[in-house]
Each structure stands twice: as structure tokens, then as C-alpha cells.
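Okay, got some structures for you below.
In the two complexes that follow, chain A is the common piece, with chain B as its partner first and chain C second.
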Partner chain A sequence: MEVHLSDAERVFIVHGVQEGIRNDGRGASDYRPIRVETGVLSTTLGSARVRLASTDVLVGVKAEIDEIDCKQTEKKGRIRFFVDCSANATPLFAGKGGEEMAEFVSTALTDAYSNSMALDLSKLVVSTTKAWTVFVDVVVLECGGNLTDAAALGAKAALADARLANVRIKASDSEKSEIELTDDAYFDSWQLDVTAAPLLVTVNKIGWSNVVDASLQEEVCTKSALVVGVASSPAKGDLVTLVRQTGRGSLEPDSVDEMIALGVRAGNSLNRELDRILVDIGRTQMNRNELVSAAGFLSS
Partner chain B sequence: MRLPASSLPLSHFTQSSSGLPSHSDRQNTANMRPFFIRANVLESAKGSAYIEMGNTKLVCSVDGPKEITVSSDSGDAYSEGILNVRVKFAVFSHQERTVSDADAHRRIGDPTELETKLAANIQDGLSPAVCLDRIPRAQIDINCTILEDQGGVLSAALICASSALADAGIDMYDLVLSSSLAVVDNDQMIVDPSTTCLADKPISGSVTVALMPSLNQVVTCEQSGACSPETLRKAIRLATECCVKLHPLVQKALVTSVRLRSRPK
Partner chain C sequence: MSVEMTCPLDATTASGSGRVSELKNMVTPGGRVAASAGFMRGHGTYTIDGDLHASVAGVVEQVNKLVCVKPVKSRYIGEIGDVVIGRITEAQQKRWKVETNSRLDSVLMLSSVNLPGGELRRKSLEDELMMREYLHEGDLISAEVQQLFHDGSLSLHTRNLRYGKLSQGVLVKVNPSLVKRRKTHFHNLPCGASVILGCNGYIWISRLVNEQETHTGGYAQNLDEVVPLEERQVIARLSNCVSLLASNRVLLYDTTIISAFDISLQYEIKELLKVDVGAEIALEVRAKLATETQ
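Showing the complex of A and B:
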């Protein structure tokens, strides 16, 4: 939905936010209702669907075994993010508009994950010359504002859901090596540790106030915003993994500090909630697995 | 000539043993790399500037305002002008010639992934500083050629391009000054790092800040890597201080160029 606001509507929203009143009655650090589902796509190793009010993203994780770049000093796998903003999501994405947005979200995700804390990429190594490359594909089904945050939530949930098969590489005499896979790839698999994976929080500056999770109308009223990547690792506590300023406005140095602080606060509570949801989902899945095995071993 | 994918450049083996001075003691603003800027370096362009930050060297030229040629998607593109930034890395600008997967299939002359990203960053950083509302339905072309990239290229490009804009006589709210710093493992900060001085250090984060010094407004704030919120706050503060330090140097370069221009031939 394309949003056109008259000057009067704009002033109404800006003044409201400055008084601490948002159109839908939320506080400055409140998110709209979030729904997370995992395991929604059977063609992927892991998937998630996130609905943040009317913003809807679908994330699939796939992995391929690749050669390790010989220039790297330490051996590790790779993770790559791709975002697809189709014109279905909003008419604004028709033509090049979608590409720009997609490029922004995918680089933000790539940069937020490009630190040694986010994911232990050395676990992706399968042999001295080969490692997994994990592809995270985000498809935007509908855009109702705050796409970046929704995409990051989806990416983390999908990565948590992903199951990579245990493989062994058999070195053979010739240059080529053989990849050996066990028969039951689902049960003989492992999951990535996403406890320290970052989430992105977009902090919007509206008037002189800062708000998170702006709706489409509020996004139109935003002159500048900061995208803050927030992770919490058990070892190092709260971490900021990305800060990126967007929009056509400028900010005072002090308000940059305030916005980052708000982003970290909102990101932490979001991280906690997501972890809780993922644990819940994991538990129900485990029950399901037990059921399956019980059925399979009835004869014994 | 394209190198085979599995080869290693010679610099991979020689870099660590090179006799370059170490910069481990760079913790405060006094230890920025040598800085040089000169405006009005190209005769043919309306405005231009050349900058050196250590071994990072680049030239910017500015042309316009002129009729819009690039298509823009934002709805109010015609109520205010736009900046059209093009970035070109010279082939020899890096230690080794690298071709990324995405770049392998591009046509000759098309911008690489890195160039597009940098151009977008420069555009975002400069747009707030230029009075774009005074030039509706017009565009300003900024061309940026990077001769040598030894780190801090975004900062250098922002300063250089804003000086070139000022040199071209385009209405601006303020200059844009920028500075980068790296946070090394134990929360130690290296101001204005070069790629060589970071080569063998474990970096936990890097911060780039661009500032309009007289208005005290931040136009670009970028961080990557992982640092604690407290360290980040300190890093941004320090980077801001470094930006302010460059102000007199850039001002002086602009005054010199105006003097040279007004001098009767």
C-alpha cells in the first residue's frame, strides 16, 4: 500500500509522537504484534515466516558444500543473505524500488552477521578443503512498514530451525574427494547455535522523539533512522553488531547515543522473546519426533 | 588477465613481514594519518578536489546542477534535486586484483558491487548537507575516482566530495567531514586506521562517522563488527572529535582555491 499523507496528517503524527502518543496507542519502544512460525517450507533445511502487523516475510535456509577460499587464514564456512522484494509486497517495489530496498536489507543482514560472535562459522567446515555455505533467502510477501526488523527476525528464526546433515568427506586417491551421507539425513543432523545471532532494530527519529517499529505512516514522517544490530552473547553480554544511518536527515551526536541505547533496549527484549518462542517451538518439535520414533519402533 | 581462482597473490606471503611502521600507539586524535586536501584541481570540472589520507588517495569532480537524467523512485524526487554519485576504483587501487562472484558476470564499465555500495553511502552522507530543495528537478553529478585505497575510503570520499561541491559553488548547509576508527579486541581504539596497520590485528569493530561540523549534526554513522554499547558510545564520540579536527584544514584548502580563482590572470 502506498502511503500519501497530507501536511495536516503528517503534523498530527509528528506532534503525537513528540507527546508520546502514537496512532495505534503504542509506546516508543513497543513493537506491533509479532507472529513467528518455523518449519513452514519443506524444500528448505530450515524456514520461518514472520508476520509483524501487516509486514509478512518468508525466510528459507539452504546450504551447499563449497570449496574453502584458500586466501582465508582460518578455515570457516560462509553465510550469505539474499532478499527478494517482489512488486506484490507494495507497488513501490515495482521496477528498481524493490531492488534498492532488497540491497539495503541484505547488506544490513550481511554486515550484522559478519563478526566472529554471531555464528560459529568454523563449525561449518567439513574437511580441510570444504565447508558449508549457508544461504538465507528472504522473500517479502507484504510490506507494512519496518521490513528490516522483520527480515532479521525471520533470518534468526530460520537459522535456528535449520538442520544441516552430518557429512563425512572420504579422501580418495584422485584429486576429487567423496562426500558420504548417512541414510537418515533428518535424524543424523545438527543445528546452528543462534544464541548470539543479531536482530536488527530500526530506530526512527520522528520530530524530536525516537520510536521503534514504525508503521508505514510513521515511516513517511521519518527524516532519519538508525538501524541497530543487537545481539547478546552469554560470554560478552550485550553487543552492538551494526549501526547504519538511513534517510535524508541528519542527527545530533547526542541523539545518536540515545537512539542506539533505545535500539539496544528494544533489541534485547525482542531477542529474549524470540528465544522463548524458539525454545517453545523446539519443545513441541521434539515431542513430535518422539511420536515418530515411537511409531517406527513399535515392532521392537 | 584473470588469475585462476585458487592462486595466492605474492602479497599474501610478504605483507606481514613488510617493514611498515606499527601504529599500535594510535589511541587519541593526535595520531591520525597525514592529511592533505586541495580544491579546484581539475580545469575541466565545475568543482573538484583531491584528498590524501595516508596512502588513501582520491579525486572528486562535481558537475551541475543540470537537467535530471537518472530515474528516481522516490515520489517527491521532483520537488527537490538529487545527487548522482559515481564511484570508480582504479584497477591498481588495491593490493591485489580481486573479482567477486557477483562481479564476474558484469559488463565492462558497469560499476562493481563495492563501487555501487560506496556510491550509495556517499549519496546518503552528502544529501543532508546540500540544499537540494533549491534545485528542484535538477541533479548534481559527483564523480569519484579512487587512485589508492589503503583504508578509510568512505571518509576520504565524503570529505573530498563535499569540498568539491563547495568548490563548485553549490549551495550547502555545511561541509561534511568524516573519520573512521577501528576497535581492537581489548576495547582499544585505533583512529583513522590504514589497511596495513590492521592487517595482523584482531578487529572487533569499525566505526565511520560523518559530521556537519558547524551545525554539529551527524550525517553518517556506520558500525560493523561487535562491540559493547559502552565502547560504541566512546568510539562514536572519538570519531566525532577527529572529524572536527579536520575542519580548519578543509576550510584552508577552500579559501586557497577561492583566492587562486579570483586572482586576475
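Showing the complex of A and C:
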């Protein structure tokens, strides 16, 4: 993102953060208002759209049945993340412009989710040789800072929304097996358990303070940032699945601890709030289900 | 720690105001503006079978026989004498390029700035070599439109001590059509901050400027100076108020900004970021405005 700031503006932002009041009046650990919407794409198994101030991401979940490695001791399915920075977000993303950012977000998501405590991938196994591979596709529609956190929120919401069909594998006479689907795949389906799925929190070091949910201008002033993957579930407690540093600067070991602590606190409140929203959405969807089939802004 | 999440289901259904009906001369693209003969085709219009149609969504303006449609949403179209805020993008031979939210970058000639210290003299070769010392890429300036070129780009000048480099503060970007053109665009607000409403939709909010400081043209900056917390809070509240007014399509000038600030005092500053709070405040500002004009 190309954001120019004059030296004076930069100083104003840094001083403000250090004094504990940001340019929009937030404190260091406050998020901007977030809007979460699920079931927006009728062509996916599950989808979500997250708006965090002016950052806008759209996430779709698809799945297909794949062969699994027979030699694998622990049978499990796969989950893969793809991020596409659309040139609609900013002209800089045209061509290969957004690749670096996309790569960063998708590897961060992949690494945060590759933890057996976070998401139980063994549930994706269909038979001894076959398992679901879940694809999570993130499209960045608008960029207003803190893309990573928004993408992770969207991914979790979309996974929660996803419905995988119940399939039966019928052994047939030849080597190949047949996959059998029921007639009504929508009702004969199951959902992933995402209670322990991680969210990402980017903790930015601005001046000597740590700040979450940086705006575009604040990101320019950030010397170094830490992306923390936070999963929490009542049974297992807090779980940090990822810590990754970005930015040019380096960090003191002490401040890394502080930043992780802030990230975990922020991640927990994000998790709690997202769970509440997902329950709300689920309840209203149940009421509406009989009336309307899946409707989103791309259908109709 | 505050995280606020909503889903569109709890959002109140379009709390926006159905005020379009009040604007009788509002047109949408393709809409008929005027009947056939007797009119001249201006900007934002085209003719089909002799009838004038709008090519943009906007307000119809008529000067004698010339009919134009002024677009609601567009880049900044400059007029001579406008106060603008711009950001330096490039230093070239004897001129700076300035980003002013118009279609093309504007030009600020070295000959049309007051040098630091308010010196008025012919610019020498040394001055030309020193140009980056005065203004370098990324710097914000306030300026006035001096001239319009044929291609629509603007020539700016800062030959007045009010104009010049801007120091610590916040820039808020809004739609240029929301800034009301007035006699003065520099305001020292009673709440304790100063605001420059650039006609190009860039709004600069900073701490109160006293008379002494303005005489330097802003070139002497003290970047170690820390703005005190109380002033910061006022600036943050003001910038949130400006963005909430803009997102609710309220015209921006000193009165609306002051009343939005006063109404917003019942909320915390960060609460103003919420869409529903913003809509409510904008509605109250509109109501207050309506009672005052009657």
C-alpha cells in the first residue's frame, strides 16, 4: 500500500500512540468496528465477508475429496489457504503487485492452522484412502490496514459456515471405489468444529508502544510487527499457534513477550466476539431457512 | 480492550434519510435534463434527438443558456481562488508536483512560494538547489489555486502567510463535493483546534495556530514538540466527527463541524467510529441546522 506521510504527521501518530490516544481516539488494544456476514456466496460450501473499518475481505470455502497417503500413520484431511489481492483494492495490486502480501497472509494462515489442537483434520477423513481437502479462498476487496487479522476472521467465519456433505464410500468390484451422495446434500451435511480455530492478531510496534489493528497510516509508522495466532477453547484454554515477525526492524526479547501477551488478550476478545456473532447469525438463519434458500449478494 | 462486532442483521435498516425528493434538480445518468432547443450542452450532458441528457449523477446547474450537470462524486475540479490541501509527490526543475485529489497532479512553482522567513525576492540558483530542503516528497501544504491549465491541471501558490507547510495534525479525506465554498476556509474552532477545509476534500485538523507561528509559513517545524493529551483528544474527536459527517453526506463547514463536535460530547471518541452512532449524530446535526435556518 502506498501511503505517503510527512515527517510531522508521522511524529504526530507516534507521539499519540505513545500517549495512549490514537488519531481516531482508540486506545492501544482497541479494534475498529467489525462487520461479519456469512453465507454470502451461494456457490461455495461456506462463505463470509468481513469489513474492518475500510478493510474488506470475502472468503469462500470449497472442498473436494482427495486421495490420502496410505503410509501416513495418522489419517487426516488437508486445509489449504489461498489469498488473492484484487486490483480493485488498490491499483498497486494489479499484475503481480499483491503477490507478496497474499503470500504472507496465506502462509500465516496455513501455519496457524497446522496444529492438531486448532482444527481436528482427522474428521475430514472419508475412508481409508480418501479425505476431504478444504480450500479457503480469500479475496481482498479493499485495503484499509490490518489485512491479516481481517483475513483470519473471515476464514474462521467461513469455515464455521461451511457445510460438508455426508458421503459414503461404496467398495465396488474393481480397484476403484465409488462415492455415494444422498439426494439432499444440504440437509444431510455436517459442519466443522471451529471453536478452537485460530485468529491472527497483528501487534504493531509504534514508537515504544504496542498497538493492535493499525490503520494504513499507522502501518507506515510501524517499525516492526508480530503476527500472533491465537486459538482459545473452553476445554484447552489459550493456545498460541503462530508467532511471526514482519517489518524492517528488530525486536527486543522482552518486548516480544509483551507483544505476544497483548496479542493473546486481543485474540481472546476477538474470538469471544466472533463466537457470539456466529451464534447470532446461526439463530437467525435457522428461522429464515424455511423461507429463503441461500441468498447472497452474488445470487439473485 | 474493546472489540465490537456486528452482523448486518442487527444493523438498523437504512437509517439514511430519504431526502432525495427535496432535491428537484438532481439527475441520474441518462436522465433527461432539458428539452431540446434553446439550451447549450455543458459538462456532464449529452444530446439524443436534440434532448439534453445527463451523463453523470449530479445536480443540474444553469447559467443563461448553458446547462451543466455537476457530478456528486468526482475528483476535485479546481477553481481559481480555492483553498486546497496537497501532498508533495515530486520535486522537479523550479517546481513541485502536488497531489490534490484532482485528475492530474497540480504544480507549485518555486516562484509562487514565500521562502522560509517570509522572504519576498527573486529566487536564485541556490534556492533552486535548496528546493528539497523546503518541501520534500510527502510533505503536506495548504495553498490556493492560482491558475487553471488547459488540460485541467492546477497551478498553486502559497504567497500568503496563511499558506505553507503543515505541521503536526491529522488529514481527513472526504468527497470534494461535500466541502462548502465559503469566504474563509481557515477556522480556529472554539473547542480548541484549528481546521483547514480544503476545497479538494482534504481536511486538515491541527492544534490551535497562534499568530506568531503563522508568520514563518510553516517551514520551521519543531518535531520534538509533543502535542498535549487534551489537544490530541480534541483533534481525534474532530477528525472522527468530520468523517462521520462525510459518510452521512452532511455538507462540511464550520457550523456543521462545531455542532457535530458538541453533540458528540456525550459519546466517547472511539464510539464515534460506529456506524449507528455516526448516523445518529449526523441526524441531530441536520435537525439542528434545520431549526437554525428557520
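We take it that the second predicted complex is superposed on the first by the 282 of 300 C-alpha atoms of A that agree within 3 Å, B and C clash if a C-alpha of one lies under 4 Å from a C-alpha of the other, contacts with A are read in each partner's own complex, and residues count from 1 in each chain.
As a convention for this text, a contact is a pair of C-beta atoms (placed from the backbone, for glycine too) under 8 Å apart; a residue touches a chain by one contact, two chains touch by 3 or more.
On a predicted model such as this, the values are computed, not experimentally measured, just so you know.
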Chain B versus chain C as contact partner of A:N115, first or second or both or neither: first
First (chain B), second (chain C), both or neither touched by A:I65: neither
Which of chain B and chain C A:T107 touches, first, second, both or neither: first
First (chain B), second (chain C), both or neither touched by A:R35: second
Contacts of A:V167 with chain B and chain C, given as first, second, both or neither: neither
Touching partner for A:V125 - first (chain B), second (chain C), both, neither: neither
First (chain B), second (chain C), both or neither touched by A:L239: first
Footprint overlap on chain A, where chain B in one structure and chain C in the other make contact: 4
Sites on chain A touched by chain C in the complex: 4-9, 11-12, 15-16, 19, 21-27, 29-38, 53, 265-266, 269-270, 272-274, 276-277, 280-281, 284
Contacting residues of chain C [partner chain A, same complex]: 1-11, 87, 89, 137-140, 166-171, 221, 223, 226-227, 229, 232-233, 235-237, 239-240, 268-270, 272-275
Of chain B, residues touching chain A in the complex: 6, 8, 12, 71, 73, 75, 117, 124, 127-129, 204-205, 207, 211-212, 215-229, 232-233, 236-237, 240
Touching residues on chain A, where the partner in the complex is chain B: 4, 70-71, 92, 95-97, 100, 107, 111-112, 114-118, 224, 226, 231, 236-246, 248-253, 256-257, 260-261, 264
